[in-house]
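These notes open a run of structures that come right after.
Both complexes below contain chain A, partnered by chain B and then by chain C.
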Partner chain A sequence: MHSLAKDKEGPRVMYPITFFIVTTALLFVFGLVALTIKRDLVRLLIGIEILFNAANLFFVALSTQHVGMIDPLPQSIVMMALVLDGTVIAVGLALALNVFKHYKTFDIRKLRRLKW
Partner chain B sequence: MIEILFILSLVVVSALLAVTSRNIVFAVIALLTTNISLGVAYFMMGAPTVALFQLAIFAGAVVVFFVITVMLTTGGDVEFDDDSVPWINKTTQLVLAAASVLVLLGVSLTREIAFPYLEYASSALETLMFSPTNYDDITTAVSQFLWQHRGFDLVSQSFVVLAAVICCIALLKIRRDHE
Partner chain C sequence: MVGQAMIQTGLQLPLPLLISLIGAMATPFIGILSERTGMKLKEAWFVLVSAASLGGVYQLYNMVKAAPDGVLLLYSWGQAPPLSGCLEIDMLGVYMSFSIAFLGLLVSIYSISYMEHETRVAEFYTLVTFMIAGMFGIAFAGDLFTLFVFWELMGLSSYVLVSFLKQNWGPIEAGFKYLLMSATAGAFLLLSMALLYGLTGTLNFGMLANSIRGNPLTPWTVLLFSTLIVGFGVKSAIVPMHTWLPDAHPEAPSPISALLSGVVIETGLYGLTRLLFVVFEPSVFKLPIAALAVLTMTVGNLLALLQGDLKRMLAYSSIAQIGYMLVGLSAGTVYGAQGLFLHVFNHSMMKGLAFLAAGSLIHIGNTRNIEDLKGIGRAMPLTTMGLFVSFMGLGGVPATSGFISKFMLFSSAIEVGMTWLTVIGVLNSALSMAYYLRVIKTLISDPIDSMKGLKEAPKLMVAVTVVMTLVVILFGVWPEPAVSFAESAAEALVNGFNAYIGAIIG
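Moving on to the complex of A and B:
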């Protein structure tokens, strides 16, 4: 059985896809709930990051379903997605800082001046 | 098998805490736990480079951004005291419930129809698969693949990151000008 103590041997065990599917679904629902019911801008960004994590986990999990075989395409794509997700969150947090500067709150219901 | 179950359950529980915690600092710490657990899970699944990026970017940089934002603003205040439920109208509840049901339905369908794992892209991808003997082989192969087959994407991505950096600088500069 593969374990972290056997890293030198490389991954040998294919974990059942069901575990990852259930985890991805739960993460997706959590992120969706956070985006739907939260009003705090920072919490909305936390929900977005959880959604990113769900997508990346599912993509990597699908690529590791062959014993002893590695598909480098999903791993490289997820690596690029991670970098872009980081930039998205960084820009979102910079926007949140600006919003707090102008409105003194993170409550998205108070951002009325954006309306026209 | 037990290890991956433990790690994945830790991911789910910490993500739930990150969403439901009333104190924003606890939420950020729970998010950090989620990201670290996911990095360990990637490593166990045979994706060490993804695990490295996950730990460096999501568990490192992004969480530091969150902590700095919280420090510069609310600093650990609890969530808004007035209830957050009544502003969810019936339509929102319905859409949320429908989306959750669709996700769970998609999960069960994916499991039932035995999703063709290798056919999400072209059939030529199968020739790119290889059998690793250790984690060094995986890292080398993924790096080679990235530069040989995704070089243009990498260059484009660098421009996107540069644009994001300029955007952040502009946003924070505006903030300083107002002061």
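Moving on to the complex of A and C:
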């Protein structure tokens, strides 16, 4: 990771990244734990949102790892990725509403009619 | 400034992508128009867009063939690559888009007849066209972010299409499971993008290929490898991540099942193949992919044996076929990749045919249970014949196209010294015949009472299945054009690397 810091003239400011890596890892674990132990459909979707945001945070944090500049590429990508996962969650919520219509519950464990 | 550049260079999009995107956006308006006038405008428009995309692929084929080093680089206004997103089209992209457009055209003709009595048909056509546009975009993408955008376009349309018949509980449940798993995989893909960016500072395929490839593995690259496998593996149903597929594919409307099994999961596999070849040496991913291949085909075949539901059995058979394709990827040679892509095309035809024929049987027989369909084959000889040929192809019987590609896949594993993989593959192939033949036997034995007096499916549906049957047999007895096309695609992937990189770096 540190090899990216090129020795150029200019202010030698580089944001410390260890903190962000740890936060990303923690968020990813939280998201995955939420996906495995939560029963509520909406909470599962929130888990997915946490996963997406962990990846986005990592992206933005990495964009600061150039000496003297902040790379605009990841930032524009993250803007786009936010829109994309927003739409995924919107479709997910719409499906969750339809699940409620058929099953009268938001409990994922009741969605077990399809087997094998 | 930007506007000026835009006017000068124009908004360059490859023709198939342009046609399907514009076509999809126009479909709702055409739908309103056809309701007002009472004519079948939207059906005509849908088929027209699919056919024009196929024509666009042909034009693209000629352009790529005429390009000096076999690579077309397209980008719209603003920065030039590697700083901007771009579309980079080589023979492999053309090959994949041909498979997508060909199956797309056949499925669109079929679905006109199939969706006749459904409501919200214009929305259905819009979503299908967007899904096809997403797949074109993935095949043409020149950097990982462009791929991700089209990946989500394909994903979003397919979630909605799986749960399209929302008045039943099955599609809704399957669609939600599909969305949960695929969206999680999307997050992993985004993480792998972040890792790649952190390691190399770029997402462009050409620049990526120049940086990590050939360097020794570090913990970061191992993490990258696993996130890539998870990110692409869920969509392409590699086994520990396959559980959404046997729910989603049977519950979707039959034309969508054909598209999902025929090209969507293969597009996922294409993404995985492209990324693995760009980022890693074949020796790095050889053994992990071989292990996944064994797991995928064995689990797929064993679970397919247990199914009583015709479409669910076909869905498990798709998982097994993905396992066979992974054999070609794990070989990592031109020959292996050639087998892989030939099987992608052949499988799109065979599995598309199987799902469409099964769809006709279910449409007429009104049940998905194999035992309840007993004897329906006598009333519907042409459709059953199509199903039979596709099963022979999927099982790898000579004189069908499945034999040629399976032969290539398995012999490519011997070539690189993985004879054990070939043995497991051939045994699996033999095992798969057990459930195919059981279905055929049930379909053509003495009809039970509820299956008497039925008629053949609507003419359009039968016509599509007959055409696909002929294609499967044609490429079985005369495989030369498909084989050489797949070879040039595989050459572009494995050996055309320098041209691919050179188009970016210049």
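Operating definition for what follows: the second predicted complex is superposed on the first by the 96 of 116 C-alpha atoms of A that agree within 3 Å, B and C clash if a C-alpha of one lies under 4 Å from a C-alpha of the other, contacts with A are read in each partner's own complex, and residues count from 1 in each chain.
Keep in mind that, in the parts below, a contact is a pair of C-beta atoms (placed from the backbone, for glycine too) under 8 Å apart; a residue touches a chain by one contact, two chains touch by 3 or more.
Since the model is a prediction, treat every value here as computed from it, not as a measurement.
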Practice task
Give one of first, second, both or neither to describe whether A:Asn98 is in contact with chain B, with chain C, with both, or with none.
Solution key: both
Exercise for the section: Please indicate which partner A:Leu44 is in contact with in the superposed arrangement: first for chain B, second for chain C, both, or neither. Expected result: second
Exercise for the section: For A:Ala55, decide between first (touching chain B), second (touching chain C), both and neither. Expected result: second
Exercise for the section: Would you sort A:Gln65 into first (chain B), second (chain C), both or neither based on which partner it touches? Expected result: both
Exercise for the section: Kindly classify A:Leu73 by the partners it touches after superposition: chain B alone (first), chain C alone (second), both, or neither? Expected result: both
Exercise for the section: Identify the partner contact of A:Thr87: answer first if only chain B is touched, second if only chain C is, both if each is, neither if none is. Expected result: both
Exercise for the section: May I ask you to decide whether A:Tyr15 touches chain B, chain C, both, or neither, giving the answer as first, second, both or neither? Expected result: first
Exercise for the section: Of the two partners chain B and chain C, indicate the one touching more residues belonging to chain A. Expected result: B
Handout entry: Touching partner for A:Leu111 - first (chain B), second (chain C), both, neither
Key = second
Handout entry: Doubly contacted chain A residues - partners chain C and chain B
Key = 1, 4, 28, 31, 56, 62, 65-66, 71, 73, 77, 80, 84-85, 87-89, 91, 95-96, 98
Handout entry: Touching residues (chain side chain C, partner chain A) in the complex
Key = 83, 145, 148-149, 152, 155-156, 159-160, 163, 166, 169-170, 172-177, 179-180, 183-184, 186-188, 190-191, 193-195, 197-199, 201-203, 220, 246-247, 251, 303, 306-307, 312
Exercise for the section: Within their complex, state which residues of chain B touch chain A. Expected result: 1, 3-5, 8, 11-12, 15-16, 18-19, 24, 27-28, 31, 34-35, 38, 40-47, 49-50, 53-54, 57-58, 61-62, 65-66, 68-70, 72-74, 79-80, 84-85, 87-88, 92, 95-96, 99-100, 103-104, 106-107, 110-111, 115, 117-118, 120-121, 125, 128-135, 137-138, 141-142, 144-146, 149-150, 153-154, 157, 160-161, 164-165, 167-168, 171-172, 174-175, 178
Practice task
Write out the stretch or stretches of chain A touching chain C in their complex.
Solution key: 1, 4, 28, 31, 35, 41, 44, 48, 51-52, 54-56, 58-59, 62, 65-66, 71, 73-74, 77, 80-81, 84-85, 87-89, 91-92, 95-96, 98-99, 102-103, 111, 113-114, 116
Exercise for the section: Report the residues of chain A in contact with chain B in the complex, numbered from low to high. Expected result: 1-4, 7-11, 13, 15, 17-34, 36-40, 42-43, 45-47, 49-50, 53, 56-57, 60-66, 68-73, 75-80, 82-91, 93-98, 100-101, 106-107, 109
